[in-house]
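Some structures to go through are shown next.
Each of the two complexes below includes chain A, the first together with chain B, the second together with chain C.
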Partner chain A sequence: MAVSWQRRLAAHAPAAVFLAEGARIGPLRETLALSPGIRLVDTPRHASVLLVAGDIPTGWRDDLRRVHDQLPAPFASVWCCCEPFEALHDPIRIDTLEALPQGVAETHRELMLGKRDSAPRLQPDEPPNPWEGLGDDGHGGEGMMGGTPYGRPMAMNMQDDLRDGLTLDTLTFRLGPFHSGLPPGLQAEISLQGDLVQAWTVTRKPFASVVEPIFHAARQAPVPIAELELSRARHHLRRLYRGLLVAGWPRLAERTLSLTGQLSPNSDITALRRSLERGGLWRLALPEPGRGVLDEAQVRELGGPAVRAAGIDEDLRSHDAHYRRLGFAPTCRDAGDTAARWRQWLDEIEQSLWLAGQAARHDLKTAETDAVETPRGPWTDAFPHDMSDLLGQVLPGLEWGEAMLTLASLDVSALDLHPLEEPWQRSTGDREGRA
Partner chain B sequence: MALLTLTTVLMATLGLGWLLQWLPARGQPKPTYPQRAPFLGGGSPDTHAWNRYHIRYYPMTLLLIAFEMEMMFMYPWAVVFVEKGAMAVMEMGMFLAILSVGIVYAWREGVFRWQ
Partner chain C sequence: MILDQLILPWLLAWLMVGLGAYLVAVLDRLLATGSARDGSVWLAPLASAAWLMTQQATTTEAPDAPAWRLAPALYLALAATGLALVPWSPTLVGVDLATSLVLWGSLEALATVVIFLHGWSANAHLALIGAYRYVALGLSYLLISMFVLIGVALPAESLRLTEVVAAQTSLWHVVSQPLGLPLFLMVGLGLTFWGPLDLADSTDLSGGTAVERSGPPRLVWALARAAMLVAFSAIAATAFLGGWLGPWLPGPAWLLIKSLAVLVALLWLGRRLPRFAPERCVTLMWVVLLPLSFIDLIWAGAVALWMA
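This part shows the complex of A and B:
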């Protein structure tokens, strides 16, 4: 097969990868984002490789099949620690994290050079809703808005407008569970009127949030505070990275993520804070003050940085004698809105780095094992549970951009009580450190 | 002769445009139906995306058109201004006064406030 010069060029480019995230894969997206031969993309249309990683529940398979068939040919799917579709005759499986970036890049190269055939389509090539051919214009009914062209109705005026009473057609769709702007696993049925979120119903809850193994170890025995705080800072930096991607600031997002690899008790994020402020993120991208506010009951239930962003100084570290010895006091903001929660991340990252520096100097370990403040929230006998239903109360009434940034500011998934197993455990720290 | 030349140029341009479209697409399979569906991260839409959408900046665009019309009137007016003298100045003054009332009204109604 003759290979055009365009294909040879494409073979040398980084592999465009769409990542379908399953459960319990840890920060794989962040690890891949730092891999030089890989370029993560937001839609399958821009990808040449579909990477499916982690446990995909059986009910999610149809959604995954839909995503699989949206990649343009030639494409391949790579399966990591999950079962490929039976219809794929020769699926590419890579179950070791070390081999994953190289394997994905090699798959892309082979595809572009014609050494590997494109993956087969899993769905029939026929319209999902066939043309009915009824009515004057073949649209399936009478009148301009009558009928169901291709078996799918037109958007109709079904709900009153929330904003200014100008009622428009309501657009209802389900988003997720493989959308990079949503928490992994979350699927929501959304109704829009223009750009305003009219209704948000969670149809599938997000996968439980995994924290680094040291937080699990801290529940068993005292652990060095410096390490614990560096892990906390890394977790918040990764959240900030995802948020910045949603906000449309990819360069700053990459810069934020690159900090996770070099984090030490002497690290400083002043330059990052300055870039965010001078770049205009707070002014231009984030919703106006007062948008995305949660009430006191909601933030108390959510816990973690969200509660402190609302001015409530709840933090289990306050009860730890060794933290108190370091002069720890919870850092809080008052507004409790979306912008406050974004700023809270930065404040907590700075505080964690400061604590790590102090603790490393005094070689201090945690004093409490019964109560650990995880980056997701307090973990005592109780632990942070799924709060995704909260989105149905917070997001309606916000414009689409505000809603996505508010969603990015909220950690609504439950805390996974089990540490990651091999091979995912290695992705949480040392791989990013090497990148 | 000129018509023939123009027709030839038109045909050549259209032909080149068609060729530029056709060359990269030749031999490529047409996107399948599932591929053509809107990407919703695995989700599906209930309705077509063709819906009435309120462009909230539209009063501002109407105002822009008002200014545009003013300029359209002012160009021919500038040509006859010397010839007509004070009469032209008065006419233009009246026109601008009426237009200004519209702008002041729009201003009061908050057209310049971004929503």
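This part shows the complex of A and C:
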């Protein structure tokens, strides 16, 4: 088949990838973000490749089908460490992380050059619910009140406004479970008035989050503090990267992410802090003080950086004799709001790098194995469990952008107690650095 | 006469739309990372455009079909109309209206309508939020733009852009009205919802008004946004940097250089600043920038009287 000049030119474009993250994967999004020839997009409409990675539980597969069918033709799906849909003829499976970026870019090229057909649609092209409306304009019912066209109610005023008394029609919709701004697996039913969140109900809980294998190793035997702290710094840098993307600061986000591959006990992030805080820019991007604030009971249950951002110096590292020998004391902020939690990450990254430097000089290992402070929170006999229902208390009353920034500041997924298996185990900082 | 006053300016306007949009894509990539991660910066915009041309134009469940189809083209038409107002020399002007400044102001107002339509017609929640946000932003920057533009019209005693340039022969407005250009640049970021004022198509909305767009209409939308940046840069260069005025080089060359400088400044700001939270943005406009635009207008009037 002759290939037009337009398609040959299109083959040179970066592969626009929508990543559907399943359970128990490493920092794949971050690895791909630094890979040449790949551009991650936030909506399936902007993608030419759907990349499905990790375990997709049965209850989530119908949602994945819907995401799959939203990609404009020509498109393809790539499956990494999960089972493709049976309806797909010739699905592309790539189960090695080293081959994934190249494989995805190659898939895009093959699509453009006509070497691969577009994936078939899995669902019929019809509304999910039958037409039940009345009226010429599809308003769905008799008179102004409407009915339930397509099985959904019309936007209408059902609740008082939470902000300034200017009551608008309430719009209710579902978001997730593969929305890039939400934790993987989370689905929420959201009611908005204008751009203000009126109600947030979690309908599917997020997949448990994984931490680097060294935190699991630290529960078994002493591990070098320097390595443990570098892992912690990497984890927080990745969180900061995602937050900065939401905040519309892509250049700085990419710079933040690139640091994860270069971390050593001698690293410091003074330049990053300076860029963030220059001229009060960070303050302009973050929600105003007092927004997204959690009370003491909530932060104690959440643990980790969130509790310390509220001024409570709870950190299991304080109980470790070797950490105390290094002069460790928890670093805290007072406000307990969204802005404080963002700043807490930065403080803890700096502290972890300082601790890594000190520990490397003294060649110190952890002294405790029964209690490990993970980046997600304390892990003793108890461990961080799912806190996504907290979102229904924190997010209502916030403007959409503030709600997304607040969501990015909270780690509400449960901690996965099992270390990652191959190939994800190797998907940590060194891969991001090489990318 | 037909060649000078009709065909040439018309060709120039559309050439600026095409070449200007390409230049925006190249410069923005250069400012984004300074690296060539996505391949050649010169080829990448063309490759991305070709990819969008091959892609299916998807639609939503029940869009407002006429508005959904027309909104990207209307925004592009507004940008092209803006470029047609730009005087390249005393005689080379696409549309030399006696009220060209007023027409530019009306383009800014119409942009609010078109961008709202783009988000609203999709019949999708995230696109709708983007549309709501833009209306709040548009209402905030339009008044600032009006006062600043009246400020440049005062010394010329005319609303014609060629007269505005002629009034800068002795001193450019960027010097005589020091608040004007910085305020107008903020208007530009708002009009094109770029960088810190990108509230309509932002990442927290997964693309906002364009979240459901794909294929050629998405390309037209991107082209229109870039073309509007170019049109704004040319108008800013005309209103504050003396337009075609300058030694040695021909007038159009000076206008190109000055427009390019404004364009780079806008793109640089877009990359260096985070997106402002909508509430802070509106507060900044009404509480800080609008009073500053009053001061700019009073200052411009006083200077005009003194120089007269």
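Observations, loosely collected:
Note that in this section the second predicted complex is superposed on the first by the 409 of 435 C-alpha atoms of A that agree within 3 Å, B and C clash if a C-alpha of one lies under 4 Å from a C-alpha of the other, contacts with A are read in each partner's own complex, and residues count from 1 in each chain.
Note that a contact is a pair of C-beta atoms (placed from the backbone, for glycine too) under 8 Å apart; a residue touches a chain by one contact, two chains touch by 3 or more.
The model shown is predicted, which means the values in this text are computed figures rather than measured ones.
Once the two complexes are laid over each other on the shared chain, residue contacts for A:319 go to neither chain B nor chain C.
Contact with both chain B and chain C is seen for A:70 once the two complexes are overlaid on the shared chain. When the two structures are aligned on the shared chain, A:179 is found in touch with chain B and with chain C.
Once chain A of one complex is fitted onto chain A of the other, the partner contacts of A:250 are limited to chain C, with no touch recorded for chain B.
In the superposition on chain A, contact is made by A:288 with chain C only, not with chain B. Once the two complexes are laid over each other on the shared chain, residue contacts for A:194 go to chain B and to chain C alike. When the shared chain is aligned, no partner comes close enough to touch A:116: not chain B, not chain C.
By the touch criterion stated above, A:402 is placed in contact with chain C alone, chain B being left untouched. Contacts of A:365 after superposition on the shared chain: neither chain B nor chain C is touched.
Counting contacts by the rule stated earlier, residues 43, 45, 70, 72-73, 127, 150, 171, 173, 179-181, 194 of chain A appear in both its interface with chain B and its interface with chain C. Taken in their complex, chain A has these residues touching chain C: 6-7, 9-14, 16, 34, 36-37, 39, 42-43, 45-46, 48, 70, 72-74, 112, 127, 138, 150, 171, 173, 179-181, 192, 194-195, 244-252, 254, 281-282, 284-288, 399-402, 404-405. The touching residues of chain A, counted against chain B in their complex, run 20, 43-45, 60, 63-64, 66-67, 69-73, 121, 123, 125-128, 149-150, 152-157, 166, 168-182, 187, 194. Against chain A, the residues of chain C that register as touching in their complex are 32-33, 37-39, 43-44, 46-48, 50-51, 53-58, 61-62, 125, 128-129, 132-133, 195-196, 198-199, 202-207, 211-215, 218, 271-280. By the touch criterion stated above, chain B contacts chain A in their complex at residues 29, 31-35, 37-54, 56.
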